[in-house]
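Supplied in structure tokens, the structure appears directly below.
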Amino acid sequence: MRNNEVAYTEYTADSPGRERSPSQGGGSDYNKLISDRECIIADIRQGPGSRSTRAYVRAGPREHLHFDPSSTVAAIVTCGGLCPGLNNVIRELTNTLHYLYGVKKVLGVRGGYAGFYNPEWEPIVLTPEAVANIHHDGGTFLGSSRGGFQMDGTIAFLEKHKVNQLFVIGGDGTHRGAFKIHEECMARKMNVGVCGIPKTIDNDVDHIDRSFGFSSAVQAAQSAIRTAKTEAMCNLPNGIGIVKLMGRSAGFVAVHAAMSSGDVDLCLVPEVPIVLGGEKGCLPHLMRRVREQGYAVVVVAEGAGEELLGESEEVDASGNKKLPKIGEFLKEKIGEYFGKHSKEPATVKYVDPSYMIRSCPANAADSLYCMQLAQNAVHGVMAGYTGFSVGLCNNRMVLLPIPELCETSPRTMDAHGRTWERVLSITRQPNTAAPKKKGEKAKYAPMLR
Amino acid sequence: MRNNEVAYTEYTADSPGRERSPSQGGGSDYNKLISDRECIIADIRQGPGSRSTRAYVRAGPREHLHFDPSSTVAAIVTCGGLCPGLNNVIRELTNTLHYLYGVKKVLGVRGGYAGFYNPEWEPIVLTPEAVANIHHDGGTFLGSSRGGFQMDGTIAFLEKHKVNQLFVIGGDGTHRGAFKIHEECMARKMNVGVCGIPKTIDNDVDHIDRSFGFSSAVQAAQSAIRTAKTEAMCNLPNGIGIVKLMGRSAGFVAVHAAMSSGDVDLCLVPEVPIVLGGEKGCLPHLMRRVREQGYAVVVVAEGAGEELLGESEEVDASGNKKLPKIGEFLKEKIGEYFGKHSKEPATVKYVDPSYMIRSCPANAADSLYCMQLAQNAVHGVMAGYTGFSVGLCNNRMVLLPIPELCETSPRTMDAHGRTWERVLSITRQPNTAAPKKKGEKAKYAPMLR
Amino acid sequence: MRNNEVAYTEYTADSPGRERSPSQGGGSDYNKLISDRECIIADIRQGPGSRSTRAYVRAGPREHLHFDPSSTVAAIVTCGGLCPGLNNVIRELTNTLHYLYGVKKVLGVRGGYAGFYNPEWEPIVLTPEAVANIHHDGGTFLGSSRGGFQMDGTIAFLEKHKVNQLFVIGGDGTHRGAFKIHEECMARKMNVGVCGIPKTIDNDVDHIDRSFGFSSAVQAAQSAIRTAKTEAMCNLPNGIGIVKLMGRSAGFVAVHAAMSSGDVDLCLVPEVPIVLGGEKGCLPHLMRRVREQGYAVVVVAEGAGEELLGESEEVDASGNKKLPKIGEFLKEKIGEYFGKHSKEPATVKYVDPSYMIRSCPANAADSLYCMQLAQNAVHGVMAGYTGFSVGLCNNRMVLLPIPELCETSPRTMDAHGRTWERVLSITRQPNTAAPKKKGEKAKYAPMLR
Amino acid sequence: MRNNEVAYTEYTADSPGRERSPSQGGGSDYNKLISDRECIIADIRQGPGSRSTRAYVRAGPREHLHFDPSSTVAAIVTCGGLCPGLNNVIRELTNTLHYLYGVKKVLGVRGGYAGFYNPEWEPIVLTPEAVANIHHDGGTFLGSSRGGFQMDGTIAFLEKHKVNQLFVIGGDGTHRGAFKIHEECMARKMNVGVCGIPKTIDNDVDHIDRSFGFSSAVQAAQSAIRTAKTEAMCNLPNGIGIVKLMGRSAGFVAVHAAMSSGDVDLCLVPEVPIVLGGEKGCLPHLMRRVREQGYAVVVVAEGAGEELLGESEEVDASGNKKLPKIGEFLKEKIGEYFGKHSKEPATVKYVDPSYMIRSCPANAADSLYCMQLAQNAVHGVMAGYTGFSVGLCNNRMVLLPIPELCETSPRTMDAHGRTWERVLSITRQPNTAAPKKKGEKAKYAPMLR
């Protein structure tokens, strides 16, 4: 049942694992060791006919180390958009390497993948003192950037600085890059352990319970929803507040923020088509809600409504397609609908918290999760695992093979799963998800189950 | 020195002031009474040649009451956009009327001026129980709306409900309406005391130290600025964060938020023209700041830059001119400038907290101020003052004649005053204010002096 | 593998399950139904020799209903101390009963178990309107109290109000009472479904991933720790900040708050003995930390140190043993130790946030969890389950038999588990847990694994 | 009308003021200069018979400078307990000296007055880079301590480091020390400008509208009061929440926190005697409030009730008298009173936020105030003023002679003033202030007037 793809221990022969002893660590004696044979069952929902097959290697400190801490040089890089908790991960990687394993040199690569080769961005030497207080700030101490992946520059950096452990924090694209680095290192017989740590504000990396920072982002979105509710309640007549939240193709932020707030009357996500009028229309639903309670609150993911508005041809600097302006579109349509069907017009207020939900510091739950991720990433790499990622699966820390993680990422919300049903139950909006086709395999509905 | 315009006591003859006694109040014996002859000096800055002339009547409980609480019916209305503290004012008006004076009936007019005559918006009976917890919520318990002023409907409402005290919470436009109601009541010999309470998120009502809710809004803007700073610091290369804040013609929110944050490198307001390039240009200044510290933060008031972008002809539903999109314009210009003058592009992030700064509950300082405003509004009306407003002047509560208040409102920031100099000192941006013309009378720089 | 003890469906014969149809619900068509045969594996950690045995019935809406919503009367009661999220649970129980199932009558029992019979506490009729905004406030809309369980009064209440669904929110003691009510109802052939919802600020109810409100409490504790850190850093010489947190016999709040903060140098819990001096002493450890970084931060659970201070004989009004004053004791001992071993004295600041960590509103994550708990509690009772509780197990919602839940509750932290090792890794304090005895069965280390 | 005691310009003869020019400053041209002849009227309340006499020199940049920035060395020291905004003041002093005046060397004295001579506490060199982000943290970047004033060590420090500008941030005791340093420097003909900046969490420094950090502390106290309210409302029967707040001899924090919250039913301060029972007793008042609304909230200043509990003989390490435990005392008395006079006991919850109200970062209003204080402190010293302090007087920045400031500091709340009347009006508690004696001069009621 052991997932063999995780561990790449081929090179342990010529750089043999060392006995773990207090003298290697920074004075801490770690007693609770995890065996390579322990795993965590992934498919824990069982019913008539289920056959449990998937399981992941359990994360944690191992008895034998692949690397000698005294000759270990680690590097950390953060890629892509900001996410609450990046600094917690950087700090705990540094502290774990330094204090638990006695690694003396940790480098922080600046500005994402481009930092491997951009001559103006010298790496930062990371020590416990340097990172002592960074976890109280949002953002990333190292800086980040989108794209910029370049194999040659990266390998040159690793060689120049004698890096043999690389920690890459980023989304599915970043993980694909990390896996290529791992493969290249293997091909070149470089003894480099490569570990990814999934970072996505959209929570769209598959197989894990949730990505770090997601809980903080959902929390931060609450004040925007509260704003929309207050504006809607207090601006007469027919107050309607619209909040746009992040989520280009996955609506997790929107649905979780809506469910957490308890104040949302309509939630629109990319996974479920928007129907404006008619029996299942969202506009008549809004009017009903306004008549019942005097106002209504809408949460819409930025990527919703492509089926209505058409896909834009334009792309922005990062190569992302420009999204149709669903928020403004809705505002206009609501205005028109009330203009036609109501004696008095709608008073629509539009709120876009944008980066405010992702630039905040990690909340307590995410801080703790980041600590777990960082510690287990180091445990894994020190033990000789490479080409892997870490994450919570069924509330347990596991090691995940990057290819498996990338295969189904980015994930989207299952329009026929329990999460969406919960949204419907609290908003009481009409369900416009296309009926499940016969034989259609359910998508993986990851978080609420 | 007494400002006679404040007090309209003509009708005290036929409805004579009553002795204040514990039996009239709700059990509280108020010992500290303020005489009508006490006033607060308004022009307290003195120098060679100054001649102090202006002073306002000091607010506070008076010995003689014009109204008999047992036959008093009060009405409260909130007009215009939301502002932190509206519920505190409503609650404290209700409590003061009820507990301090023993007034039995207080009506809440729903939805602003339109609530006087809109048949669907029945007034709410306000009791201490009904308003017990509303101060913890943003918005207004009564609802609000823009415009809607109509004399006949208003008078009819006052007559129908036998209202003899009217408390009107709103900006300079609302105050003009309130004064007309007062004049109409005087003309019709209706014994109605009319009091305005200045409410403006832009802090543009003149003569007062600050308007309630302004401190909370400036506080709420901090997290948007912090977002912009985090995004700018962490997104390489050349990160620049832009925050747009409220302020159509007055930049007080923008300048106060910028000064409070301590993190702003460029602050643009309607009162000072924007110069893009050249020696005094804001774009070269931004590039300098980016070179010095790696990033820069911009705060821009929504009404800034009209001289650059031209005045829009379009108006929105409330009759406000549509503002040029200064935020997007700046984003584009910064991109172009860095494209031309820098090896690497700028990474610009734009944040618009919009209603999030005005829908929050009042902070502690505003809560206390609202309590003072409401208590002194009631003290003034009970004593027979009418056609007046209340506010802090030189940190003391005073009664202000509405015409005087309206004459110079909405006010704007003095581009040659100390506030703007303070902004320049912390942002170190070039000063693009036109030099003061000879003989030009300084505008009134209201808050920081 | 089905855990048969959960379902008490004996009485389904004479009150037969009804087909679920849209007409029964409040208009929502719930498509995703869960079969009684679906379960969630509890023991998901597998290794050589493991044999998975435990599993719980999966929570969720069922096809057949045991109760006819039109004749259902539900009652909700909250018992014991406050906890973030109580109002979310009350609100969502009400909404789910009303909107999803069409139940017309929901009663809120006031003031805990005593509310069943205290003549002065009439139950509150709970409607969606009545509970519309309660989730934004901490505390419980119904009021609560400790103890007060009385079988006769409870049964009389159920009979008088024709209650056939009872939702009891409380800790392990409250659950024991709930199970007795269930047994009494069965014995009396009363068709009453009884469901518990685990509530414990200490997170000491066993078998579930975490209890609702725990995440919010850990979050709320952060500002107390931050206070202690600021005071310790800034008050020279030898600043030490001590924070006391809740936890009479389980240190979960203390350890999670410490791990989340990343700022704690010493964490003391009831599960691990306190050693003051000597090689493993916490006082020399603190002095080391002060010498390294200039200050130190201590988090101590209120129940820690009984082995040092002795067990108090006194009990408080609720029958809880009075705890020794561990905070003051530590303050004194630290003062003495620095007095002896340091040239300059220690500056010790003591912070006790007490109820501030439990009276706050639920954060976003807890709000969502409360929604899941409430919905699944209703789904379970409507389907005919009784004598059960609900909770997250391995990140999935399950139904749990109350006797099994109570058997090992209140749980404590495993002093030999991964959670405690994580605390040691971040505080770097000496491990004073007694070594695991041979053959000693590990306690269940519930959350971080 | 000019207050001559402020300016000590005797030594301007031998170190003549220099023309202010752009080349001296850091590039900023400061246009708005304040003349030494401008002043701010302090006694602005006028009535029959008032004669305005007091006025203070208006703060602000002067045309002529006493010091040559290129040879200026400034030192900053923070003394006494923490207060929100200390870091803002340190940062803005540094930035103003550096950027506005071009001063090259600024030293931060560590750990309060003791830092002048404690050999282990080397001063910190303060640059704009070093202080760039400190304003987002509570506490003081320099560290602080109580007491420790020593003239010789201080003078030696000033001489050794060639300091000619000293900025001392602290309370009235600290100001007394600062004035002695100023006198000693004058006596020794040392050309040292000494400026105090009033810092007191209790707001007990006289003559100024408010001290910095006070607004943040009052804000921070709100969540403790909210906790007490929630606990009181939700814990049946007869829930009563008690909050203890700072204030050894002045109750400003308590009264402002109570007024801001709007939720307090009884407020007890050192300035007004506590009466337990009888007609004016606070216990019968509490019982009335509990009967009216089901619960009650009490705020008590730590120094209240000395007349009841007796003055303690004990002193703590700082020489402060140990305060009687008024919080616990009240809890006990309330318990006894309800035991005797109520069918059901009281459920009393006691909350002591202690340092949590003073260790937080400054809020927006205080941040701005700190900026004004720091800028004007530097303006004053650069212009040759010494032995002075700065502050807001009637909402204007003024320079205050330290002896005048110290003469009536620490101030206390006027038990016959408007602030206390406002407290009575919202709590509706009986007034137990001793009646004003005939001819008794009113104490100065500083903030709400």
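Think of it as A, B, C and D in the order they're written, each chain with its own count starting at 1.
Criterion: a residue touches a chain if its C-beta (ideal position, glycine included) is under 8 Å from a C-beta of that chain, and two chains touch if they have at least 3 such contacts.
Here the structure is a predicted model, which means the values were calculated and not measured.
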Neighbouring chains shared between chain B and chain C, ordered by label: A, D
Farthest-lying chain, centroid of Cα atoms versus that of chain A: D
Intercentroid distance (Cα basis), chain D paired with chain B, Å: 28
Where chain A and chain B are represented by their mean Cα positions, the distance between them in whole Å: 42
Between chain A and chain D, centroid-to-centroid distance (C-alpha), Å: 45
Junction residues of chain A - those touching two or more other chains: 226
Of all residues in chain B, those that touch chain A in their complex: 82, 110-112, 114-115, 121, 137-140, 143-145, 223-224, 226-228, 230-231, 233-237, 317, 345, 347, 349-356, 359-360
Residues of chain D that touch chain B when the two form their complex: 1, 26-32, 35, 37-41, 44-48, 52, 55, 58, 60, 88, 91-92, 95-96, 99-100, 132, 135-136, 209, 215, 218-219, 221-222, 226, 256-257, 259-262, 293, 363-365, 367-368, 371-372, 375, 392, 394-397, 416-418, 421-422, 424-426, 428, 431, 447-449
